[in-house]
Structures are given as C-alpha cells and as structure tokens.
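Shared between the two complexes below is subunit A, which pairs with subunit B and subunit C, respectively.
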Partner chain A sequence: MLRYIARRIIQFIPVFLGVTLILFVMQNVVPGDPIKLIAGEKKLDPQTEINLRASYHLIETDENGAPIFDEEGNTIETPLWKRYISYITGLLHGDLGRSYQQNGKEVTKILSQKYPYTFKLAVVAIVLESIIGIAAGMVSAIKRYSAWDVGVTLVTSGLVAMPAFWFGMLQQLFWGILMKQWTGGGFYLPISGTGGPYAEFPSWVYYILPALTLAAVSTAYTARIMRSQLLEVLNQDYIRTARAKGLSRRAVIWRHALKNALIPVVTYIGMDFGGMLAGAILTETVFNWPGVGFETYRAISQRDWPIVMGSVTVIVIVVMVINLIVDISYAFLDPRIRFDGSNNE
Partner chain B sequence: MFGFGRKKKQATDWVDLKTQPVPEGHHLLEVNDLKMYFHTQDGVVKAVNGVSYTLDRGETLGVVGESGSGKSVTSLTIMGLIDMPPGKIEGGDVLYRGRSLVKMTEEEMEHIRGNDIAMIFQDPMTSLNPVYTIGRQLSEGMILHRGYSKQQALQRSIELLQMVGIPNAEQRVKDYPHEFSGGMRQRVMIAMALACDPDILIADEPTTALDVTIQAQIIELMQKMQEENGNAIIMITHDLGVVADIADKIMVMYAGQPVEFGTAEEIFYEPIHPYTWGLNRSIPDPVIDEKRPLTPIKGNPPSLVNAPAGCAFSPRCPYATDLCRTEQPPTYVTETGHYSRCHYAHDASFVSANAPETSRTKTMLDHAADAVAAAQEGGEA
Partner chain C sequence: MSDNTTQPAGEQAVEQAQAKEFSAAPSRTLWGDAFQRLRRNKLAVAGAIWIILMVIIAISADLWVPQTLGNPTQTDSTTMASMSRLPPSLEHPFGTDTLGRDVLCRVIYGARISLAVGVLATAISTLIGLVMGALAAYNGGIWDTIIMRFADIFLAFPYTLFVIAMLAVIGPGIQNVFIAIGVLGWPSIARVFRSAILSVKENDYVDAARAMGASDARIIVRHIFPNSVASIVVYATMNIGGAILTESALSFLGMGVVPPDPSWGIMIQDGQTYLATQPWLMIMPGIAILTTVLAFTLLGDGLRDALDVKMKDA
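And then the complex of A and B:
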C-alpha cells in the first residue's frame, strides 16, 4: 500500500508540471497587459511602470533589483522559461508570488483567507449530497416503480437539467424575496452583499442556500447512480444466496447489497468533493461567497495572473490528493482490489 | 419488493419444524399439483404447471430437463424466493412436515430458509458476496437460526470447511471469495447450505459451472454429507448423467410439466415417455457407432406463453399423432407409481418398439466386449 501511494505521488509530478506550464504559457497569450491594468483608466507614469515590472520580475534586473537597460535604453523582458523556473522555485519554497491588483498582497495569504470558506461550503454540500442522494436513490430502487421512484426520477431530471446559477437565483428569489415575511430575510443577508465580501458568516443558516445550489446537480447524479447500482446488485446471485440463508429483505439490503452498491457512489462523491474544493465559480459568484471560486473568477476578469496561477496550482494538488484518497478507499470497500499485486488471482 | 420497516426479528415462539416429527400420513416434503405462473406484458408464462412429487429424509430426487423447463422455478417456489408479482401461485400446495409453505408468512419462511430447507446455486463464482469473508458469510445463517455468538459461529465455520474438504480451514475462513477456485467456492456453498443441518438440500445445477474433473468430487461430497446428516437432496440438472448414480427418484420436466416420474432405475432402464428417450439418446456415448448413434432432440422447447394445444412435446416428438397435437395427454401411472404424460404410455408394444437401447449397464458390458474384441483384433494383426 505504501509503495502504491509513493508511486502515485511520483505520478503527480508530470501532471502538475504540465498543467502549470500550460497555464503559464496561456497567460502570456491572452491579450491585455496586467501591469497597465493596475492603474485602470489612468496612464501609468513610465518610471513607476518600470519599477512595477521589475518588482514582479517581468523584466531583467540586477542583484539589487534595479532594472537592466539595453543599448537603446529599453528594458529587457525576462524570457518565459526563466519566469516559469522562478515560479516553480518559489512554489517549492511556499511562495506563490504577489497579486497584481491587491497592492501586491501575497497570493498565499489571499488563498489562505479564501480557502476556509470554500472548504466549509464544500463540506456542507457534500454532506447534503451524500445523505439526500444516497437515501433518495435507495428509496427509489427499493420501492421501484412506486410514486416515490417516479418522484425521485422527476426531481433528479429537473435538477440535472437546471444550471447551477439559475437554480441559485431562483432560490434567492423565493426565500429572500417572496418568502421574506417568513424567513425574516435570514436567507437574504449573504446575497444582498451586506458586510461585503469579507463579511463573517457566523451562522450555519447562511450555508443552506449556497450549499443546496452547489450540491443540487451532484445530488441528482448520486441518487441516480445509487438507484441503478442498488437495482443491479439486488439482481446478483449472492443476494439470492443471502435470501436463501433466511435473511430478511431488510438485512439483505443493509448487510449485503449496500456495501456493494456504494462502491461507485463513493467514487462519484469523492471526485465531486475534489471538484467542489476547486471552488464553485458559479455558486460562489451568485451568492457573493468569499471563496476561492469567486476569487479566481474575479482574478481572471482582471488579468490578475498570480492569483489565477496560485489557485489553479492549489486546485491541481487538492484534486490529485482527493483522487488518491478515493482510490485508496476502494481497498477498504472492495477486498478484490489490492494495490501491490499480492494476493491477486 | 423490499420493505423498509424496522421490525424486531426472531419471533421467540417459533418452534423449529425440523425438530417436529413428520405427521402421520405425510411425507417430509409433498408437492401437490404446484402451478407457478408469471404475469408478464407478453402474457401468462406457465413456468410451473402441475408438478407433484414426494420426498422423504435420506432420499435424493433428480429433476431433469432442458433450460426453461421450469425445474429451477419449482425449487425457488418451494423456497419462496420468487418475486410475487410478477410470479403468482395459481394452484397446488407445498407441504413440509405437513405444514403448507405456500400459506406461510414471509417471516415464517425466513425461519424455514437456510434452516430447514437450504439451497446451492449453479454458479459458485457469483453466488458469494465478494466484499465479505467466507467466515462471515458462513456464520450468518448460524447466528440467525441457531443464536450462535460470532465466536461460536466462526468456530463452527472452520469445522464445516474442514468437513467439505477445504485444507487449512483456520486460515481460509478469513479469506474472501475471490481467493478461492470455482470448485472450492462450491464446497463453501455446500458448507454454507449445511451449516444449520437442514432437512432438505436443494442443489440447482451445482456442477454445471465447474470443470468436469471437479464435478464428480462435488457430487461425491454431497452424497457423503447426505450419509452423515440424513438430509434429503433435490438435485436439479439438465444432465441425466449427473443424477444417474445418486438419485433415488427422477422427475423429467418439459415445458413446466413433469412428463415422466419414477425411480432412477425405471427412468434409465424402462423409460416410457418419448422425451425421456430423447434425453437418453442425447447422452454422448464413448463409442459412437450405428448401434448407439448420438441423436439430439430436434427443435427448441415451446414458448411457455403460447403452449401447443395438445401435448407440449408433440411438435418435437417423432411419434406424434393427431391425437397428440390436439389433446393434452392424461397421466398414466403404473403399479409402482412410475408415471408418464403420454397418450401411448400404456401401449407396451409402442414402448418396446421405440424405446432406445439405453441400459447403461448393458452398454457398459457391450463396451467391454467391444474393447476385448478390439484388443483381440489388434493382437491378431
């Protein structure tokens, strides 16, 4: 097992280098000069512009950080490969660079402020998704062709078809405006922007709508996967064997069918959790949620490349680690899977 | 089909039926004119249509027939493992020690299954739950029916594995099904079925999925277990050869109906139904010559939805007459209880003229003679 994990972590390296390299090249292809954008509408003073470029290592500098000029008095642009290497070197030292826009604030600092919100939202969403999705799928499979099953199928089809941002807006409209009398505007607060993007959200209430929106589509998929898996497992020969032993239908489902049916569902939920930790751009934007997704969206629109690079770098690592955990969890669910080639047929 | 209700299991007032004596005038298991129909969109499938037999402790009944002849459905009906709907018992009864299994509630049937009547299935590769150890799966029934603790059940599981000939049972009990070969898994299935010392063991094609070399071992094991425990066996197979040695009685099924029933000797040496003759001729003979050609039964089994008007076998029967094609044959019973559903079963001259020369022992003797003759020829040449 340990050897397997080590091998997988080594496999992270090329994936990681590939993704960051592609992004690094892309940010140089996208039109728009980020340094000029710092000043917005105003013209930048040439000396300030040179100093800014030097401080972001976009032009060659000497040991003291002063810019180097060529014979014609122009600055020398640092080649892409050099900047990439210095980015990776900085990364290995835990330095993701500084933001262009937010007064040169360190990216690591920005991300560490945003990540808790994304993480908490993802946890609430994944808990909702697991409980509602698995329960709905089980009821649907066990009471096949009943009103329950039809209801679950209809609702899941609706949720899958609905874009997340629209579902979020509908909820805001319904709970925040139409039901204001009833909710007392409680659901309304986080979406009105009161308190700004750095507002603290002390109450769990504020998680409900964003988490529901974030979990909606995947809950529908979870329910569908659970239903089809459970139906398939219930047709297996070993279920008949368990029934022939004298186990009750309930015992057969809980002890024999569930564990087998859950294997693909756990995969799906695990992958989905990785995706949610990567930041839910649509949900976070609709709800003004101060998480990584919203921050990344903002950074892209402002060409704030260090933040985009930083958050993507963290996302790549998080997704790869989550995938590894999902793969390892297989071994505990399904004894037929062994990672070191031993005990295998 | 499956309920969610969280009811208390194990009614305390349940008395194990297998500890009760068989009531006067009853057999251990009596199947009377059992009819199990499936109501599907295409119509009513008459999967089991009037099956009757009796079985006592220590006996072995062979149920022989092609795929789709209703032999598996009969035993699953006895076990109460058919989903209803689509299945429906349209008539007849199953009496176990004088009690009707058909009328029992689901909870009562849970006491019967695995405890009084146990079952082994065709494919040992898929009949064990892949995510639990063998020991856990073996223990389950004993914990449920006998109230064993986990420790006791595990101890007994090891003994059972030793009984069915699995080496190193103390270690193997902790292994998962995929760590066993097909033959070993079928041994585990037998151990599991016998765990609660059942009265009746139903084996649904227990050797079909196994290597020929393993088949004989499994059959022998089941016989040995029967000698030790005195249980009855219902052996379901499409292979007459499998039941030849071990069955006391044989029921030949065709299109949901028993077409011939008798002792093993009667079915092998004096069969009186053309379908049984066909089955006998379909067994490959080691020496195929003009005297013992391999003659398969032509055609396919009929649809169980639109069964032929007359005898179900008439479309494939080489001796069929207009009477066969229009009228259902009556059941002809001999003095020994040997019965056949054929219009001409009572006609001794018809039977003797057409019955194949299938006396197994006789054929064996012939083979021996042939072999001797061949050896002599070889010697002379």
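And then the complex of A and C:
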C-alpha cells in the first residue's frame, strides 16, 4: 500500500513540472508586450515604463527591486529560465503574479475573492449530480428496458450532445420567462444580496439553475456509469448466490450490489470536480455568476493574461491533486488495484 | 467421372447443396459484416443520414442559399431596420437576426464551420495520436515512458480549459481553433491506439511476419494498423462531436470564430441578449449543435457495436 502511494506521488512530480512548464511557456509567448497592454492608449514616460518592467520582473533588478543597467545605460531583459525559476518559486508560495489591469492587483488576491462563489456552486452541483445521477442510473438498471430506462437513455444522450451554456439559457427561458407568473422571473438572476425586486427568495434559490447547468453533463455521465456498473454487478456469481440463499431482490441490490457498483461512480464524481471548475467559465458567463469562471471570461476579453493563466493554473493544480487523492483512495477501496496495478500500466 | 459413380446419390446432392449455399453467402469481410450490423441499428442509421444530409447541405450551400435566403455575413444598411429580428415566417423559416440576416442561412453556413472544425481537428489529433501511439507501443521501453508521461501531462489539463488557454496564447480565428482543438486532442487517441497495438502485437501472425523478414514499418502499416483501425474509426467518429461542442463553446466565449463569420456558438451568444423577446435567435443554432453532435454520437455508438470494439462505457 505504502509503495503504491509512494509510486503515485513520484509519478505526480514530473507531471506537475511538465504542466507548470507548459503554463509558463504559454504565459510568456502571449503575443503583445504586457507593458503596452497595461498602458493601453496612454503614453508612458521612460522612467515609469522601466519601473513597470522591473515590477513585473521583465528586466533584471537588484535585491531592492531597482532596475540594473548595462554600460550603455539600457535595461537588461531577464532570461526566460530565470523567469521560470522565479515563476515556480512564486507558484509554490502561492504567488501567481499581478494583473495587467486593476492597478496591478495580485492575481491570488483577485481569485481568492472569487473562489468561494465558484466553490459553493461546484459543491451544490456535485450534490445534485450525485443524487440525480445515481438515482436515475439505479432505477434504469433495475428496470432495464422499461419506459423509464429508455427515457433516461434519451435524456442523457441529449444532455451530453448539447452545449452546457445553451442548456443554461434554455432553463432561463423556461423558468424565467415562460413560467414567469410562477417564478417571478427572477429565478436566474445572480445572487444580488439584499434588495432588488426578487429579494423575497432565499439566497439558495439562486444556486438551483446555475448548479443544474454546471451539473448537467456530469449527471448524464454519472447516470450512465451507474446503470452499466449496476447491471454488470448484478450479473455476477455472488449476487446469484445471495439470491439463491433466499435474500430478496431488494436486499441483494441495497446490501450487496450497490456498494460494489458505486466505486467507479464515486471515482468519476471525484475526478469530475476539476471538470466542474473548468466548466464554470461557461456556466458563470451565462448566469453572470460572480465566481472565478466569470472573472476568467472577463479577463480573456480584456487580455488580462495573468488572471487567465492564474485561474487556469489553480484549476489544473486542483484537478491534479484531486486525481491523485482519488487514485490513492481507490486503492484503499479496491484491493485489486493495490496488488496488480503495478503490472497493468 | 468414375469417382462420381462410386458416391451414393444422396451424399452428392448434399454436397451440391452445400456448394450452392457457400457461393450464395455474401462475402464476409470485417467491414462488410460490420456494415450489415450497422444497417440494422436504426439509431445509427438515423445519425448517419443526418450527417450525410448536413454534409450535402453544407457543401452545396453556395449554389442555392444566397439566391433564396441571402448572404450569411453581409448586411444591407437600407433594409436593416425593417428586417431586424423578424419572427420565423415562410420567407425566413428561422427568423432574422439583429442585423437583418436570415438565421436559417447563417445556421447553414455555420454547419460548414462546425463540420470543418470537427473533421479537420479530429484528423489532426488522430494523425498525431497515431504516430505517438505507434511509437510508444511498438518501440516500448524509454519511448513508451516518455511519450506516455507526455500524454499524462496533457491529460492533466481539463480539456476545454487547455484549449481556452491555448487560444489565449495564439489568438482567436478559425485556423487557430483547428490547431488548438486538434493539437491538444492527441493524447487520448494515442492511448487508444497504443493499447490497440499492444494487444495486436502479441498475435502469432505478427511474429510470423517478422520471421519472414518484414520491416517494422511494414509490420505496423500492413498488419497492426488494419487490425486496430476499427477502434480508431469509432474513436474518431465520437471525437468529431466533441470537437464541434468545443468549437461552439470557444466561439461563445469570443475566442473562436471571428464575427461576422457564422458559427453556431457565436449565434447563440448573439441571441442571449434577446432571450426574453426573440428566443429563436438562440434556440435554432442550439438545435443545430444538438442534432449534429447527437448524430455523431449515435453513429459512433453504432460503429462501436458493429465493429465489436471494446471501449470503456461513457
């Protein structure tokens, strides 16, 4: 077991370095001089420009952060490898650089204000995904080929084939406009705090539609995986044995089949958390949700690359860590992985 | 003829009947067999018909759409005000958009972009994936380790996010969408192809070919590729739908196709503003995406069953 965990962690390190290298290269080959992006239409005087370059670590500086000049009085551009080292040390200290807009505010600060919203939304989405997906998949498997099963198959195929942002808009259209007299039309508005015409709704109401939108595709996959897993487990010998011993079908499903069928489903849901953070860009844009996704979308349109890359970096690292945890906990749950996983690479 | 006379008449008849049966049976190649099975799968046939229909419409669009529905990109400032956001009618079956352009016309031209992105991006990632997968599986050892670790690094990124970051670097535009979706999609195909090769490689006929002195390249091209092509076809078919979805998301975020070119994602984004008053502006392109992606999924599922390719569910 320990050996397995150690091996997984050792495998994690090169992947982590590779990922950060790719992110760094992307960040540093973005066309356009960052200083020009910061200045916009304004004309900077040379001294301000030099100071700005120094503060974004684009030119060599001394310990106090003052720019260093060569013999001819020109600034010295920092070589890429030095920038990568300072980038990765910054990353390990939780420093993602500074925004080109917003007065050079630190990316970490901007994102940490937005993350709670995205995180809460993703948690609600995961809860919805688990409940709806597992229940739908279970009933589908138990009542195989029934009208319900066909319905679930149709709905999941549709959900997987439509863009999630479009699904979100359809919900806005349905709940906010067609069902207006019932919902007051405010169902899809962003969490507005207090006041506003729809203040009578408790704040959790505003989570429903964005969370459903964020969860839609994953719920479809969860239901499919649940269905096929349960069907597979129900076909196994030990289930037949349990039935032959006289246990009721219900007891067999709940006590014996469900636990084993759930392992891959739970893995999928766990690994999907990162996918949700990525999907948040689209969902939050549709619903004007004030989270990281919307901030990223805003940053893309304003070419504020440090924020874009910062949020990508955070999501990628979260995804990698979650995958690592899921892999390790999977080995705890399923002894087969621990013992023959090593030959199965 | 003397042999015949020694045989009992009954046996002879049976033999003749058998010979007749064999000659009447259709040729049983893998693909002929698979095609027969695919034809019995109604959903897959429906998907295939829809795709063929879309391809025909998209290719022939220049011949009949501008004459009947108008130009998909140009606007006419004199009639723009009176033509703006008309509801669906006989003349404009899907209505018109804010700039007075026919929505059906833009959906049709959008099909060109979506299908092109789907097919070309998939072709790029399949090609890279095939080469990488073949190198990894056939050479094994250090090649395998390096390529598969490289694939792991790529797969550590959530795919859509990776494409968004890539486009942030190389800028929006249709060529860049091909490149970003295509180049970043190779690791999953490489994995599929690698495992397909690994299972085929163990077969005796590969050993036989090698014993007869066939070169590595010949073994890959003549023996391994034909025997793993089924899984690639299935994977690529399903991948096209995914690429179309990714393109629509990118265009929706303003990072993909650049207006005024008609892309389904852009049309949905344009329609978002008028959700309350002119919902058809976003509904129609969305239905186009849904049906097209669904068609590729159904065809892919059908091919998977017909070719008996083992894949993980979902």
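Going forward, the second predicted complex is superposed on the first by the 279 of 345 C-alpha atoms of A that agree within 3 Å, B and C clash if a C-alpha of one lies under 4 Å from a C-alpha of the other, contacts with A are read in each partner's own complex, and residues count from 1 in each chain.
Rule of thumb we're sticking to: contacts are C-beta pairs under 8 Å (C-beta built on N, C-alpha and C of every residue); 3 or more make two chains touch, one makes a residue touch a chain.
The model shown is predicted, which means the values in this text are computed figures rather than measured ones.
Trainee: On subunit A, do subunit B and subunit C fit together or clash when superposed?
Mentor: fit
Trainee: Just to be sure I read the superposition right, which of the two partners does A:G158 touch: subunit B = first, subunit C = second, or both, or neither?
Mentor: second
Trainee: Of subunit B and subunit C, which one touches more residues of subunit A?
Mentor: Subunit A has more residues touched by C than by the other partner.
Trainee: Give one of first, second, both or neither to describe whether A:R224 is in contact with subunit B, with subunit C, with both, or with none.
Mentor: Second partner only.
Trainee: With the two complexes overlaid on chain A, check the angle at subunit A between subunit B and subunit C, Cα centres, nearest 10°.
Mentor: Placing subunit A at the corner, the angle measures out to 70 degrees.
Trainee: With the two structures laid over each other on chain A, which partner does A:V319 touch: subunit B (first), subunit C (second), both, or neither?
Mentor: The answer is second: A:V319 touches subunit C but not subunit B.
Trainee: Is A:F69 touching the first partner subunit B, the second partner subunit C, both, or neither of them?
Mentor: After superposing on A, A:F69 lies clear of both subunit B and subunit C.
Trainee: Report for A:A242: first if it touches subunit B alone, second if subunit C alone, otherwise both or neither.
Mentor: In the superposed model, A:A242 contacts subunit B only, not subunit C.
Trainee: Which holds for A:V252: it touches subunit B only (first), subunit C only (second), both, or neither?
Mentor: In the superposition, A:V252 contacts subunit B only.
Trainee: Tell me the contact category for A:M26 with respect to subunit B and subunit C: first, second, both or neither.
Mentor: After superposing on A, A:M26 lies in contact with subunit C but is clear of subunit B.
Trainee: I want to verify one number: the closest Cα approach of subunit B to subunit C after the superposition, in Å.
Mentor: 15
Trainee: Taking the contacts subunit A makes with subunit B in one complex and with subunit C in the other, which residues are shared?
Mentor: Of subunit A, no residue contacts subunit B in one complex and subunit C in the other.
Trainee: Sort out for me which residues of subunit C touch subunit A in the complex.
Mentor: 149-150, 152-153, 156-161, 164-166, 168-169, 171, 241, 245, 248-249, 252-255, 265, 268, 272, 275-276, 279, 282-283, 286, 289-290, 293-294, 297-298, 313-314
Trainee: Going by the contact rule at the top, pick out the subunit A residues touching subunit B in the complex.
Mentor: The touching residues are 139, 142, 144, 234, 236-238, 240-253, 255-256, 259-260, 333-336, 343, 345.
Trainee: Could you pull out which subunit B residues touch subunit A in their complex?
Mentor: Residues of subunit B touching subunit A: 1-7, 9, 79, 81, 106-107, 110-115, 118-119, 121, 123, 126-133, 140-141, 144-145, 176, 178-179, 189, 192.
Trainee: So in the complex, which bits of subunit A are touching subunit C?
Mentor: Interface residues on subunit A, with respect to subunit C: 11, 14-15, 18-19, 22-23, 26, 29-31, 157-158, 160-163, 165-166, 169-170, 172-173, 176-177, 221, 224-225, 228, 274-275, 277-279, 281-282, 285-286, 296-297, 300-301, 305, 308-309, 312, 315-316, 319-320, 323.
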